[in-house]
Amino acid sequence: MAAKLVFLGRLADIAGMTERAVATGPLETILADLPPELAVALLGERIRLALNGELLVSHGGIVLGEGDELAFLPPVSGG
Amino acid sequence: MAAKLVFLGRLADIAGMTERAVATGPLETILADLPPELAVALLGERIRLALNGELLVSHGGIVLGEGDELAFLPPVSGG
Amino acid sequence: MIDVRLLTEQFEPGQFIGAFTAAHPGLGGICSFVGEVRGAGGVEALELSHYAPLTLPGMAALAQTASDRFGLMGILILHRTGQMAPGEPIVCVSAASTHRRAAFDAVDYAMDHLKSQSWFWKREKRAGQWHWIEPRADDYADLSRWD
Amino acid sequence: MIDVRLLTEQFEPGQFIGAFTAAHPGLGGICSFVGEVRGAGGVEALELSHYAPLTLPGMAALAQTASDRFGLMGILILHRTGQMAPGEPIVCVSAASTHRRAAFDAVDYAMDHLKSQSWFWKREKRAGQWHWIEPRADDYADLSRWD
C-alpha cells in the first residue's frame, strides 16, 4: 500500500530528500499531503514526469498503485 | 662545384635514387645531362620546385650554385 | 561495438579509448572528445545527479542512433556521475569509423545531444555553496544543427 | 602549447594525448583524431616519404594557424613517416580548448589540411608491389569547406 516519489535536481533540495514513500492513490491526493511549497514546485510547467522509468506524455489522471515509482524531472542541465 | 637534386615520390622511382649530385650551372644544362625520361618527368606541369627549402613561385631562370639543393615535388598524396 | 557507461569514480579516458581502439581492427580513424570539469568562476566542485531508469537507457539509445546515422564501426560513451573536482574528466565520447568525417560528426552529434538532452542534473559549489546549473541556450542552438 | 612531431617509429597515441592533456590544466575539452593505416584492398604496407625542409615547417605553420584561428589553448600534431603495417597509427591531432566547438573545428581543420596540403608522398604495397597514391578529389572538397 505504498508508492514512491523521486525528486531530481533542485526538487530534491526543496523536498529535503531525494525520494519519499507515499500512500497509493490519485496524484492530486498525494500532492495535497505534501508541504505546499513542494507541491507547487512539483507541478511546475517545466517539470516532466516518469512513471516506473517511462516518461509520461500527459500528466492528467495519474493514480499510483502499490510499488509504483513516480519521478519528477526538472529541466536537465546537460552532460 | 656541386649542387644537389632531390627527387620525391614517384620521381625517385623514375630517377632510381632519391637524390643526385650535379654540376653547378643553369637548370636547363643540368637537365640536359639527365636521362631524357627523367628530365621530362621533372619538367612535368604538376611538379613544384623548392630551392634550399623554399618553394619557388616561378620556375624560370634557375641557376644552381655551390651547395644548392633543388627538390622536385610531385603532387602530394596527403597525410 | 557500442559501449556506454556511467562511472561513479574518476577515470582515465586514455585507458578506455585505447581498449576501444584495439577492439576495432580495420578502422580508418577514431575521433574522441574528453570534457573536463572547469574551475573557472571559482568552482570548487561539481556534482552530477541522474535518474538511473532513464539516464543509461537514454545514453544507450543515443549511442545506437549515432552509430546508425553515421555508419560507425563502434561508439564509446562514458559519463561521470557524483562529485568531481576541477580538472577531472566528466565525459568521453569516441567513434570508430572507416571514414574520418563520419567519426567527427558522430562525436559532435553525441556531445550536442548529451549536453542538452541527457538526464543529468548539475550543481556546482562556489565559496562553499551549492548552485544548480540551468541549461544553456547555446546547448539548444548546438542541437538544432542536427534537425 | 604547440607540439608538432614527425615520428619514424610506431607510436601509442594515448601516451602523447595523455601528456598533452596534462599540460593544459583548466581546459574545457580536448578533441582528438587518430588515423590508422587501413588494410582494405589487400594493402600489406604503407610507406610515407617526406621532404624534411618543407614537411615539419609546414606542419608547424598549420598548427599555429589552427591555434590562432580557433583560439586554442594548445594543439598536438603527430605524423608518422617511413613504412607502416595496417592497423598502425599514422596521424594524431589533438586540440585543447575552453570551448568544445573550437576543439572539434580545429582538429577537423588540421586533418583536412594535413590530408591535402602537407608534404607527404604515400605508396602502398599490394601483392608485393609498391603503388604510389594520388591525391583524392575528396581531400580537396574537404579543404574547400574552410575557404
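When the chains are written out, they are named A, B, C and D in that same order, and each has its own residue count from 1.
Following the convention adopted for this analysis, a contact is a pair of C-beta atoms (placed from the backbone, for glycine too) under 8 Å apart; a residue touches a chain by one contact, two chains touch by 3 or more.
Note that the coordinates shown come from a computational prediction; the quantities given were computed from them, not determined experimentally.
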Chain whose Cα centroid lies at the greatest distance from that of chain D: A
Rounded Å distance, chain B centre to chain C centre (Cα mean): 51
Gap in Å, rounded to a whole number, between the CA centres of chain B and chain A: 77
Distance from the mean Cα position of chain C to that of chain A, given in whole angstrom: 27
Distance between chain centroids, defined by C-alpha means - chain C, chain D (Å): 24
Chain A: positions in contact with at least two other chains: none
Chain C, residues touching no fewer than two other chains: 35, 111, 115
Listing of all chain pairs that touch each other, if any do: A-C, B-D, C-D
Of chain D, residues touching chain B in the complex: 35, 48-49, 51, 53-54, 57, 79, 90-91, 111, 114-123, 132-136, 139
Chain A to chain C touching residues, read off their complex: 6, 8-10, 12-13, 50, 52-53, 55, 69, 71, 73-79
Partner chain C, residues of chain D touching it in the complex: 12, 14-15, 17-18, 21, 25-36, 38-40, 86-87, 98, 100-101, 103-104, 107-108, 111, 115, 142
